[in-house]
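Next, two complexes with subunit A in common: one pairs it with subunit B, the other with subunit C.
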Partner chain A sequence: MIAYIALAMVILLRPDPAPGLLRSKADARQIDCTAISEAAGSQQYPGRIKPEPPRGDFIDKRAVICRERLMRAGLRDTRDEAVLSTLRTQTAELAAAAVAQRPDLGARSWLVEAYYPSVQVSGKIRFSTADALVSQGVPVSDRTPVLAAGDIDVITRMAPQQAYPAACARYAATGSLGEDDVLLAVMVRDPRETILHAGLCEGGRWSWLR
Partner chain B sequence: MYQPLSGLHDPIVVDIQQPNFTDVRLTIRCERGDLLSAQEASVLCDRLDALFTNQGAQVTTLSASSLALPGDDFGAQQAQAVDAPAPTDLTITITSREVGTSDNPFLWTASAATFTLVPAVTETTFAQDVTVRDDSGFLLARDSLQGRIIRRFGAGVWATNAVMNRLFREDDEDITEEAIKAELSADMYQQLSQIVFNAKMRWVVLQDASPTAPGAAW
Partner chain C sequence: MVVAALIPFLLAWLGLAHADEDGVAIQAELDRVRAEIAGEVHLAAYDLVDEMAYGWINDPVFAKPTPVVLAEVTVPVGLGTGMAALIENHIGTVLTQNPRTNMQLVHCPSCTAVVVHSGPEGTVVTRGYDNPRVLEEMGDNTGKHALFVDFEAEGSWLVMRARLTKLTPDLPIVWSHTLASSASTPSLLREASDLKSAAEARAEYLDTLQSRGPVTIPLRFAVRTYAQPWTDQGTPPPPFLWLQTGAEIATTDSRAWFSSLVLGYSFIPQAYQGIMGQARIYRLLGGPSRSLTRPNPYAYVGVAAISVWGPATAAFREETLTADELLTDSELAAPRNTFGALQGGFDVRIGNRVGLGMFLESLPVLRNSNNIGQYAAIGTLRFQTFGTEVTFCF
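Showing the complex of A and B:
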């Protein structure tokens, strides 16, 4: 009887990322996991996950690989968290799309600007995008184009589809963005979205990338 | 027990009670797969119809119809019920598949031999693959929502869980069959709303980027 109870406790108390006796639902939602086969697990984590026996196994086993999230839920604004958790992937895609769509601009000096409500997150988006552009092999400047207060006052009252082309034209007209410069602008267009969009400004002409 | 693995518990900004898709024409295709029969796919589509209609979208659903198999009466009936494709802005395709299962026959034997004092355990890892395309077929968004369902069977497990639910766990931490269904549904509907909203915004930007858009530079 004791042996049976011991076996039951071993099964119930075994380390498992799922909610149960040892882990609450809230804790289980703090980790991102991937379920992979035993063979794939032993290749990725040799020594920690035993390989399947050469003659196969009578029991179907799967490995669950988990990674704890960097920040606890609720510490950051939800949209900031959503954007920052995929920032590297998103900015890499935007930079690749920009360089692929305009290979003729490869020799120009690329500037990056991010339009995001939070200044701190905006800085991270700008840095990550510049880093992704450098990885694409284009020259990147850390200069930021500026607009006069009057321009900003007018532009911020326009709809996004007019505001960004108008800002681009003003950058060129005021000389803030030179003939040898290209601006890659990264932004969110709606407070409900968790993806970034991007557009290119060169020679006073604006074009949306994605 | 239900554990969201990836995608199902990502941060959500969109509020599914708000009109997020006003004047957007959505077509939802629920395809049968490892985990969904034709009838279940149809039920899923009905629920997604309600989800997006409540958010202001004009929804058309295609479920079993798109994949009716020979001899499948339900799918054939559904196929006949569908008219010519309605004009649409975004097409959402949802496929369910089983990523893997884990089962231990020794535990089932031990469980039976001990009158279920020793629990038997089965695990299923599933994925809901979602793609969103515009009317030209351009891919706007793609995601895979993965989760895991663990079933522990036995009198010992049932008793321990009942005691934990009653004495130690907060109400929202209770582990019950109903709670698992509610959590999985809530996660899936919220994530789907966010994915489709993001796709809608990408679609809007691509429309601005088209050569015919006002102020387009190329």
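Showing the complex of A and C:
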């Protein structure tokens, strides 16, 4: 009797991340899960996952690590959430691509700008990209290139394909972006997308990175 | 006719009013959840700040004390500025208490203010630290550095980015760093004046974990009391005091499940003696693993075999005791009774050392005893015994 009760408790109360009897779909979506080896699991969670016996085990065990997302669904704009969730990865990739594609610009002073509909998120993208560039070992400046109000009025009426090269040319023409400066601009090109794009502006010439 | 024409407007007005109320309720709920999340993550944010300061102590950015302006602290999108104020205060505390970081926090109102500068190239509106030329014209020494700190919730990670910018016209970033902490990582709660690295904190945690092996030896003091009988004729047994010890075996490191096997002895001179054997299975409630810092509630079920003897144990019978039986028991052979028991209860374990518990016990062979009543019943299972216990683990 006791054994049956214990078995039923083990089955019912096991911490399974999948939706089911004890976990709703909404709760299941709130967690990020990854499967790792037993050895890695005991290394990362020493008090919770038993290390593999020194002589091995009869069963190949794997640990599923589930972490709850910090922000609940619905608290932030869906696109902001998608961009912010992958911010570290995306900006690191862009910075690495920029430095790898233009190694000749390594000694110049790199500036970063982000173009995103939300000012708050735009600041986050800029911060993260600048940090990723510093990690790549290039000199980075906190300076912000500026344009005159008339330039901005014209440029914001253009399609993205023309607007960024035009802005780049104006930065160079007005002296806002010097000969020793490189601007790495990060943006979303379509309001529906969540992938960040980037382009480089140096000497008034614009080139797309991604 | 006029009333009929007004009905659609009235309905529309009622609908709008209802929608407004819904909107207010949703906003209130969102604010509540935001406050809850900010409360949850601010300790993790403190840890990241401590880690950053610890890094500066071991690998200083500046060779000598350097004035630094805390230019901006931003918190995850969606959370309020109250959290930013808390973190600003914590950064101030940590840097003040750790002068070896060589970061000398200075107040610079013109650095954080919005400044408007008109020149031949145009009018530029910026914050002071974005335009060091203006700061210079205002007479503020630009030999300072500005510290920017940003926190963001990226999936299950709280990420902190920090950078130091020299307030010269070129605004070079002289130092930048990213640290991350997952939502499931417990806060280190380090002393601001005695910082340690995450690696050292982990080593301490492992030491604590290793001090608890898979087997622990419990020493338990238990008191069993028996329910008053149904009728006035019955004589209930006295409370029994037990001293128990044995072994507790955890099946996993998390100690979500463990079992115990203990033997017990009870002795009150001139009244009774007893021995017992008991097996239990425990299940942790309210968490995937036993916490070292918080109380850990467990539920358990178990079985016991109890044998008692002595003058005071005559009540463990089905029939009502008579005066003759009492006299016989006292003067000739003391009665001896052996019976089985089923248990269910709760136990709260604090750290690896102490447990406080209570349980109900059913004695099936004494189900119809005239000497013992019941505290509770589930179907035909009557719980005649209520027990409390204190456990010390070694």
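We adopt the following convention: the second predicted complex is superposed on the first by the 180 of 210 C-alpha atoms of A that agree within 3 Å, B and C clash if a C-alpha of one lies under 4 Å from a C-alpha of the other, contacts with A are read in each partner's own complex, and residues count from 1 in each chain.
Everything below uses one rule, namely that a residue touches a chain if its C-beta (ideal position, glycine included) is under 8 Å from a C-beta of that chain, and two chains touch if they have at least 3 such contacts.
Only a predicted model underlies this, so the values are computations on that prediction, with no experimental measurement involved.
> Report for A:A107: first if it touches subunit B alone, second if subunit C alone, otherwise both or neither.
neither
> Return first, second, both or neither, reflecting whether A:D32 touches subunit B, subunit C, both chains, or no partner chain.
In the superposition, A:D32 touches subunit B and subunit C alike.
> Look at A:L70 in the shared chain and tell me whether it touches subunit B only, subunit C only, both, or neither; answer first, second, both or neither.
Once the two structures are laid over each other on A, A:L70 reaches subunit C alone.
> Between subunit B and subunit C, whom does A:G47 touch in the aligned arrangement: first, second, both, or neither?
In the superposition, A:G47 touches subunit C alone.
> State whether A:T78 touches subunit B only (first), subunit C only (second), both chains, or neither.
After superposition on chain A, A:T78 lies in contact with subunit B alone.
> Given the touch rule stated above, what does A:V119 touch, subunit B (first), subunit C (second), both, or neither?
After superposing on A, A:V119 lies clear of both subunit B and subunit C.
> Classify the contacts of A:V146 with the two partner chains as first (subunit B alone), second (subunit C alone), both, or neither.
Second partner only.
> Check subunit A for residues that touch subunit B in one structure and subunit C in the other, and list them.
Correct list for subunit A: 5, 32, 85.
> Residue numbers of subunit C touching subunit A in their complex, please.
Residues 30, 33-34, 37, 40-41, 74, 76-78, 121-122, 124, 126, 130, 146, 148, 150, 152-159, 161, 163, 165, 170-173, 176-178, 180, 182-184, 205-206, 209, 252-254, 256-257, 281, 283, 288-290, 292, 301-303 of subunit C touch subunit A in their complex.
> Over in the complex, which subunit B residues touch subunit A? Could you list them?
1-6, 9-15, 20, 99-107, 110, 114, 117-119, 121, 123, 125, 146, 148, 150, 152, 154, 156-157, 160, 164, 169, 172-173, 175, 183, 194, 197-198, 201-202, 204-206, 208-209, 213-218
> Residues of subunit A touching subunit B in their complex?
4-5, 7-8, 11-12, 16-21, 24-26, 28-29, 32-35, 37, 58-62, 64, 78-79, 81-82, 85, 161-162, 165, 189-195, 197, 205-210
> Give every residue of subunit A touching subunit C within the complex, in rising order.
Residues 2, 5-6, 9-10, 13, 15, 31-32, 42, 46-50, 67-72, 74-76, 80, 84-88, 109, 118, 120-121, 123-124, 127-128, 130-131, 134-135, 139-144, 146, 148-149, 174 of subunit A touch subunit C in their complex.
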